[in-house]
């Protein structure tokens, strides 16, 4: 039934591919970087840490150039509609590269990884691979591409999580992550298959057309959406698909934790928004049932659950990494609020919130790593009296946490402001969600403040009280992150405007 | 006779099978202790999806389904590789491949 | 252009303040504690006050004399709904003011002088004069105020100074208690007064007397007449507190904890009279109903206090209760409409009661701070001057003819009789009856006091373990005077006091003789006072309308008032004119005012009618009283102690001051303390987290730093904390650490969700 | 001018940041200079201020210049929100009658606070940095006319306060600090929602865009029909009002949201108590007058009675609780609850007398309570105890201290001639003149007695009566037979020393002066308050007379 394509056809295909490649430069470039890193690792022996780090940072920074060049290009779809180039995607490309750079920076200061005996080659390679994968997650417009990119991210993530082979918690985290991830992606895949079955299409734009044209069976659609939500929810770490995240965040090497909690979550959101805004923008037709059933209502429940669950459970944590893990679940909930409004303002809000989250969460983890290097512990009780012993870090961490709570004058506050603005702009429709968000953020204050509470209000039992010195570079990074968090808290115009500019998805029509 | 029966096999049959496979996979994943068996369960899930894709691409026409299943198979292989590495590592550190006994981090 | 009298009276007002300021800051640096500053400044004040008195009273001898001056104190700008609103402060000088100024400054000066002797050697000698200074200042303030707001301010300021002076021996717990009691009791009265002021302000947006009276006259009072009565009664509550009327009289006797000069100045002559003065100021706006209340309270107080006075042992307490009783007379007088009589009594009483207190002070001084009359006696030889003056004052107090007291008290009683006959009702005769009863008792207890103190043998030696009981008047703890004074007092004989304490006695005694006030020893009405201080015409319309217009909407009530006013005039035209004519005829010899308000006119008339009855009756009463005193104490025909035994319950009832203190303590004080305890508990345990109970429950499954979780519980408000915590605790358990459980959860979630939608779609 | 007075402390803070933490004296002096600078500017502003200009709302034609003064207006943020038009946030400062008094108060209290912080020895550097941050935030709240800016300052106060209580506080400080933080945040997060809602409901007549400007929001004409808080959306307007009110009421603090206050005060170090009682509480009522009431006048009118009831509860309830306290500082804390009740009552009167009384009470309560807490601090420094019953007869040994205590105590119980009386009096005058609140006013008058009761009682127990021989101090008799007491481990002067006098005497002078002639302060506020009353009660106005 399939007849072979003629030579001419093959020619045309190749030319099309060539044409598309022009829009694909950053990804190609980063894949190259990936290769380079592996080769470097093979060539240079064990003593290559500094080298690899520098190369990967240099490479990542270089990629920014190509991304920048893409801004001039018109929004388009290529590779037979498999992949798209639009402002939304570009924003996330910047985002992931930035997070990649930060990941490298956090890696180089982490003592755990320094002590890691078998080299770091694959580590940086995998890091870059993840960047590529996430970029593709953000830009792919075809179910197949989405699945592939997501798997790419997941596989590298498993490996990175289990990178500390001697560390039981690391391995355990890897195992859980793996099993959980595999099943979730399996569900996602099954959901995709159902969609494909209903529409005979894999390109999301055409899917939405098909859905609009021929209609579909409600029940199957719901099943498909639920399964897809399971897959995406796992990437975003949203209740009730979050279960992996606390354990993985706790077990993984801290830089990886930071990376996962920010970047792969963001990738999940990018994909979520693209899929739902483009493939099923109108939700479902509600005529079918009295109860207003559509994917929006599912998202609402997910987001409410995430906000409540994440914050409430975080109160109980005494391990800082785990605490931040739970809080990241809550933040997924806040981000979903922006998605629910399903308009440009909401998208803009999500983008702003994400960039805020990038700064503050990375800042927090950065300081946590620095502290862990000194005290060798991530337990809340071991933070006692640290405020006096490392003044800068203490202050910085406090700022990041305040920002995570969402108090002015920090970037986090702006994120919350935008999100809630988006909600309230919709009138009283989403007010109850806004209320949940507000109240849970009060709860979040409590557990976030536990850290400064221990750092400043309590004195450590152990005798030595001297000031703990940290490297100049580390101090510099911390300080700059802190200043940025504060600066954008007061002058967020550029970022917010850029987010507005970027809140345009190919093939999606947001009011 | 036989051919008729073969011809009378429709989408539903395939879908039923895939659902069964999916269910079996989930069941295996949730109940089996041995990590390897769990991975098998994952394979079942993926292949259930594959069956869907192939069925749909057969009955809707078009190649996307076939492509999809091909890539899935490839990915499954890759995933298995990573998985095995991790499982081996687990065995090294925990001296067991019983997933349910690997629960030092909780709550 | 400010009237010269105003300037002078401002000087009068401020000089004592100056004395206060100087002394409070520099008393330690100045020689002799700077007492000369106080005395000197007060002397000047006295001179000025007397000059004012001379100009006002003697030069223009005119009932209607009045100069006023005011300035804008607060400017509220153009208030929405009211228009331009200014709060003015000002002073008014009329006959009454001039008289009060003279009286207050005179007594104050004498007390200053007296204190230089009496308080000599006190560690806080200088500060004492400072306090006297601020008291005098605030007292002048009350006298001169032309509006309710400023009088209220000075009202509380005298409260403060009395607080400070009562507690002058603050190291004595009794004194500390007394000062607190005095201030709080007064505050209760002030609440009423303040509410009264508020009622008036809320209607007229002004505090000035004249404006308010004008408005009322014009029927601008837009609430029901009942409110006006209420306003009157409430304002009167201020007087109840300050002038120690029942039920707020309890503080005055305790106030005797203060130094005796203070008792003389503040708690006998001036401050306590301020209440009466204030009622006189607002007299014209008091509705008949309000006046009835006032009359009854006055009468009851007069009688009750007298009954208590007869059994007290402490020389000062007897005088204190007699003060309360006499104030009762004055209030009674105002209540029955005997306006000028009451104020007349205020003046006379000020002099003879001050004289009595200073005399008792001299005695106490001489007796080395012995205050119990049971251990005195036979002093008339040793202290002739004191005895003489004390005697005159006593007679005045008892109200014997030829004394000032006779004139005023008799006028009041006459008024009471007149009032009763006008009101007609039998119950109203209770007032004169109580009045005369009090007269008997007054005569009796004063006779008793004179006898116990001055006659018979000295009973000092009879006192059980003297040394000890001296110490309960002065805890030997941080007290230097008493070392100075009764260091081995047995050796020193009792002797007459020095000139600076004797002079005031003489002056005051002289002022207790009838001739000062009236040429006719039997009729104060012929005197200058009664002429110059005449009952002002009321501004409220007559009785009856109050009931009709009660409960009507504001404007209607206003109109109705106006009409009612007019037609009542029609109705009562005849009698009003009748009495008016007679009153006018009386006016010929009595200079009595002519009233438009028939009720006032009638009362004035009947008062005059009853004048001689009153004289006869009261003389009889006094004779009875003194007679009994003689029977009991001089001739000892009946042994008072035996009698006390036979009528023990009555005796105790009187001796324990009708148990008012106990009653109040049991109800008011204990009550509020209880409430406060309850509320505080409520605050600590209920409001601050209904959770605290829950908290304990919750701590059981808190595994986290015992302290910290408590913070959440109490910190997050009430049940929120609990919910948050528990849900957290429950959800936590979901995270079992077993990846397969997680997957199960996800599967369950997805399937459950699907089932939910399935159910909704398939039906 | 205003920017300077707002950010001067921050500048001081930055300078301190550069100073090595060993140089305690320099740090103190720097922040003192900062505070004094603030004071000087405040006085300059006061001199320049024209009391005839009303403020509250924009002058006819929508220009601020006609009604507010010392306006500073800089575009801050301008975003494109697509279909919602541009988001404009302005850096908008200005003063009117409501703020000018509070600015003066804040400047004064800041100076006092620095002086009384002199004795802080622990982590001086950090302390003063936070202190200056706090000072900036407070001042900012009072001069900000842009809701967003106000909110930023408002939240900015929380963190320094948290640490100042939490690090330098008493034994139970952690609890008090987190409690304060959570309570106040709970109040303010709702404010965030309302703020956004208002933003989408209000159009600035001049630009035609949505705006955060409080002045524009105060004019009901600027609200869009159909918007979430539009004039026709009654339900949400009520909700918004209540939410805002609770937010501010927590700061006031109003029963039943007051329980953070006693703990915070008891644990906080003296200067922080002074700031807290002197300025922060006023922010609650200021917020009501500036934001809560003018933005929702009709809801306010509907709620007068309730507000008044809560005011009365505060007055009586606070007084009763104070009566039962053993800890002197706790008693003072409850007394401020009681006194803020007067402010609420005055606000509920909705007429000029009441509002002027309330605003004036805010100022006076600031000075008086500051003095009270300073005095408590003095005795605590010496005796390391605040248990009322442990003292007795102190008047004999600390006459100057006792004198000032008497001034403060009597000012607090509203003695005429001292500033507290005037404000309380006019609160009552106003509340009684308004028919709605009349009955409540009559009840609240009881507060006068109970106020006197707890103050006099504590005065008696601590300063009068017999000296209680006690572990706090021992006694020695000198050659002249005069007795002196010595507090254990207190080396300093027994009676007040120079520094304490420099803090206390000015306050006493202000209290007395403003008690005798209030116009210097009252004259500033009357015009604005009259305007405010007009804005709040366009209907009720004609009804009064």
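For this structure, a couple of remarks:
Read from first to last, the chains carry the letters A, B, C and D; within each, the first residue is number 1.
The rule is simple: contacts are C-beta pairs under 8 Å (C-beta built on N, C-alpha and C of every residue); 3 or more make two chains touch, one makes a residue touch a chain.
Chain labels with UniProt names: B = NADH-quinone oxidoreductase subunit K.
Fair warning: this is a prediction, and the values are worked out from it, not measured in the lab.
The chains that touch chain C as well as chain D are A.
Chain centroids computed from C-alpha atoms place D closest to the centre of all protein C-alpha atoms shown. Looking at A-C and A-B side by side, the one with more C-beta contacts is A-B.
As a whole-number value, the distance joining the C-alpha centres of chain A and chain C reads 79 Å. Centroids of chain A and chain B (each the mean of its C-alpha atoms) stand 27 Å apart.
Annotation: 44 Å between the Cα-based centres of chain A and chain D. Each chain gets a centre from the mean of its Cα atoms; for chain B and chain C, those two points are 98 Å apart.
Contact with two or more other chains is made by residues 174, 178, 181-182, 186 of chain D.
Looking at chain B, one finds that residues 26, 29, 38, 99, 102-107 touch two or more other chains. Looking at chain C, one finds that residues 708, 715-716, 732, 735, 737, 739-740, 743 touch two or more other chains.
Checking each pair of chains for touch leaves A-B, A-C, A-D, B-C, C-D.
Across the complex, chain C meets chain D through its residues 73-83, 85, 149, 152-157, 160, 167, 170-173, 175-177, 179-180, 183-184, 187-188, 190-191, 194-195, 198-199, 201-202, 205, 475, 477-478, 480, 672-673, 675-677, 679-680, 683, 687-689, 707-708, 710-711, 714-717.
Interface residues of chain B, counted against chain C in their complex, comprise 26, 29-31, 38, 99-100, 102-107.
Touching chain A in their complex are the following residues of chain D: 77-84, 87, 123, 151-152, 155-156, 158-159, 162-163, 166-167, 173-174, 177-178, 181-182, 185-186, 189-190, 192-193, 196-197, 199-200, 228, 236.
Against chain C, in their complex, chain D makes its touches with residues 174-175, 178-179, 181-183, 186, 255-256, 258-259, 262, 317, 320-321, 323-325, 351-353, 356, 393, 395-396, 410, 415-417, 421, 425, 428-429, 432-433, 438, 441-442, 445-446, 448-450, 452-453, 456-457, 460, 463-467, 481, 483, 517-519, 522-523, 526-527, 530, 533-534, 537, 540-545. Contact residues on chain C toward chain A in their complex (touch as defined above): 703-705, 708, 712, 715-716, 724-725, 727-729, 731-732, 734-735, 737, 739-743, 745-746, 749-750, 753-754, 757-758, 760-762.
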